[in-house]
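Order of writing sets the labels: A, B, C, D, E and F. Residues in every chain begin at 1.
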């Protein structure tokens, strides 16, 4: 049997290749994120002060929603075309494969969000020295979301229920991320100390990394009956 | 080395209905089991249970005397599954799909290109699976079996959508595999490998 | 030289005209390049086919 | 006359004739732009309010007009292609989209550069005129993205034609919205009742640039249509002869 | 052949029956809408004045996004299970069937949004006499969105592109709705005259009603090749 | 009254490839056309073109001498399509699906229940299409043809996933339809209605 690392890497590579073939999937959450962030000024009006007040909140809500929506399809196409069957039947440990898929998911959704997040800082007229904090929190938060969300995605994959159930499952788990994340950025924008928030986000990520793959694997076996 | 796959008292319920009850069979290396039964008799469900995609409601499945259900993971390397769905990502070509699956299970040592040629898809090598015709997709997923170095082939209706040549191909692939000491379990509505020794299991009577 | 200062608006005015020029040049260049590439592409393909026969 | 149009509609003829026509548009076009730009920059008097910044008008307004005109061309071509199944019309629509998008970007960028000294901001969310320009750009992007997404040319043609027509209906709605609430942006100065509200010295270079840009648009469009025609007919006999012929030459 | 009205009604009825069988689909946009509207106060903080400023905008952005996301599946399942083939081959006029589907879509997405929109008024501490205006604008706006969106959905159905392309196509057309809608509600909240906006929304709806079904039908034929 | 369906010089390209070129055939009421050809030869594409789901790149299709391509809408009531996909909403039962389709095209006057019974799905009447086995789903979509009062049945690989009894059912349904003066065009890799007069069209040689 091929080695564990080989299986994991092949999984990551396959999913990235798929994204590459359909750049639409990559752009999906990104476009959504940018859309939400640009629609707000349109709907609310151009008052600079109001915009500054809501900048961090809008960014984080947009990022959370973008991730939630993209999670819906994380295992769906594999379920529908039968390749999930093949993954489940493989002698490779399933948590590892699930982690591979999650990593590829983050690289194709969270990472682009992180890259464009500075743009938001400018649009909402936040002070420019918030940029690094914004990028770090978004990176940590989206990675945790990918992991936690993969559990929800695995649980709901066979149910043909759209994303409602998934959102309901994942949202309570994601709420702390939203609150810490937005708060950290706001604090940084107001020139106040913000390291506490960053530490919490990092701790959350470590926990998710240790537990989520196993939960996801178990959920996949149950869902694919 | 010969192996033995044995099923005892398998049964499965769906909704209120008992699909099958107390099915027994035994299969050794080099044997082929044909599964027959009318539409809706539970052939697909039985096969999915055998390779571990769903759990039976009752019964024991054993490999060389060891209970498979006890620790499925140890036996995954022994089964390969060919069902109604291709199991391929339709945006990738067959070759790319197969190259990925190389990393998932033991390989037969055959070359991917060679397998694709053998299945008559040489001209379609550049096309994503999505653009293949119904029969070409079925052929492509046959390559998975050919490339895997796995003991038991579990096959659901292999003749679907295939032309006469494709059906001949399936028969010769299965015959070869069994000839090399593999096992195969095939659900089909058609006859297969006439005149050669096959076991038959009828369900749903 | 004051002509080029445009009051205090030199940078604004000149970037605009520069961009205008850039867009015109880009369009012309892109149109020519695409045609040339395609033509060569078709040529290669047709020759390959002729060679086959 | 009709036979002329008929001939023009046939791909090989169009392919040959377009090469003849395009310099007749391009050369006067570039000359007009050169004169208009020079006069606009150095000869026209400065505006009493905006002073020299107003000279941006000589790029901004032609860009704005062309961005809209190209969209109109595309929508009309799409409609013709869809209704009368004229393949050349689809080629026109396909060729027009990227050019229109480039002028649309030019309009937005020059406009926002102009806005910096005039309004003190690069971009004003919610300003109707600015928004409608942005929407136009998005319409272009949507069309280009959709054409790229569909690999079958015939299918892409039809889908884009439908989209272009729908988008065209939206443009008046967007324009209408301008009247509804106040805009930072200038009202119509050129086309309005009682003639243009502009000095002749300022006006002539603007008109020259408008005409010049339009001619250049025509020339570039012809070139691009030619490329499209070549691509669409690449399996046809005349292309084979043409391609092999040029080898002999 | 059965009558035109019979075909239209059967179409509406079938799609509503489907929603009934899978109430998840009905809840999807609704849950999304409520989620967006409640996440904001969480992320931004409870400052009443800021909330009041952004209330109308948030509602409208949330409604627009909820509709956009639900549009993705409007024709997708029909395409995938082959029933779109059957609709296209039916002697019934396709624009009528498309209109039927759109109506069912609005009834299962726009209508629930309209019903819950007063809740937002309360959450964001807007004056309560905005409620009727809010409901009317949301109803008009979502109906227009269903119609215009159905064109985009029809154009992108066979492309396997997720919702990015769809959003890109529909958004420009929907922006006027967003701007008028949010503006109208804000004006009403500030006790200013708002009838102009209502009229524009109504006019947009009438236009969309007259044209969208034909465009959708044409697009469906093209996409299903 | 007899009708005549005539195809002249049909051709279709896919990507760079010509799938078929200059296909001609004519079919009258009461006749059956079998379409044969290896996997990927373009049978499915040809059938989809015939019933108007895609456009041919060249050629004319006419009904009683009238060009069908000129105004497709007038001829939609004449064709019924049975392809690889069921065309049913999988959350509804077969009966609900069929009841909806009643409103889409002319009916044969048969009762829906009766058709379902005839296809052997009596026990599955309460199940959503999703829960049916592969063969049961194919049977259910056969009911569509049975219930429609349409002249031309265009059928792609009707035997897929069906057991022996199901295949017999298909044959007798088609024979009945043709016997009543209908036409049928069937793409299949198997033989059909042996010994009865059928036209055959081979493509992809």
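Here, contacts are C-beta pairs under 8 Å (C-beta built on N, C-alpha and C of every residue); 3 or more make two chains touch, one makes a residue touch a chain.
The structure displayed is predicted, hence computed values, not measured ones.
Colleague: Please identify the chain with the largest separation between its CA centroid and the CA centroid of chain D.
Modeller: B
Colleague: Compare the CA centroid of chain F with every other chain's and tell me the farthest one.
Modeller: When every chain centre is compared against chain F, the largest gap points to C.
Colleague: What is the distance, in whole Å, between the centres of chain A and chain E, each centre taken as the mean of its C-alpha atoms?
Modeller: Averaging C-alpha atoms per chain gives centres 26 Å apart.
Colleague: List the centre-to-centre spacing of chain D and chain E in whole Å, with centres computed as mean CA coordinates.
Modeller: Centres of chain D and chain E (C-alpha means) sit 32 Å apart.
Colleague: Rounded to a whole Å, what is the gap between the Cα centroids of chain A and chain B?
Modeller: 37
Colleague: Which integer distance in Å separates the CA centroid of chain C from that of chain F?
Modeller: Their C-alpha centroids are separated by 53 Å.
Colleague: Residues touching two or more other chains, restricted to chain D: which are they?
Modeller: Chain D, residues with two or more chain partners: 126, 131, 149.
Colleague: Chain A: which residues touch two or more other chains?
Modeller: 22, 24, 42, 45, 160
Colleague: Specify, in ascending order, the residues of chain C that touch 2 or more different other chains.
Modeller: Residues: none.
Colleague: Please give the residue numbers of chain B that touch chain F in the complex, ascending.
Modeller: Residue positions touching the partner: 14-15, 37-42, 44, 84, 120, 124, 127, 131-136, 139, 157, 160-167, 189.
Colleague: Which residues of chain E touch chain A in the complex?
Modeller: By the definition above, chain E touches chain A via 22, 24-25, 27-28, 31-32, 35-36, 39-40, 42-45, 47, 50, 53-54, 56-58, 60-61, 64-65, 69, 73, 159-165, 167-168, 171, 175, 178-179, 182, 186.
Colleague: Sort out for me which residues of chain D touch chain C in the complex.
Modeller: Residues 26, 33, 37, 41-42, 46, 51-53, 55-56, 58-60, 63, 98-99, 102-103, 105-106, 109-110, 113-114, 116-117, 216, 220, 223-224, 226-227, 230-231, 234, 239-240, 243-244, 246-247 of chain D touch chain C in their complex.
Colleague: Contact residues on chain F for chain E in the complex?
Modeller: 51-55, 73, 76-77, 79-81, 83-92, 96, 100-107, 128, 144
Colleague: Can you check the complex and tell me which residues of chain E touch chain F?
Modeller: Touching chain F from chain E are residues 1-2, 6-7, 9-11, 13-14, 17-18, 21-22, 77, 80-83, 85-93, 224-225.
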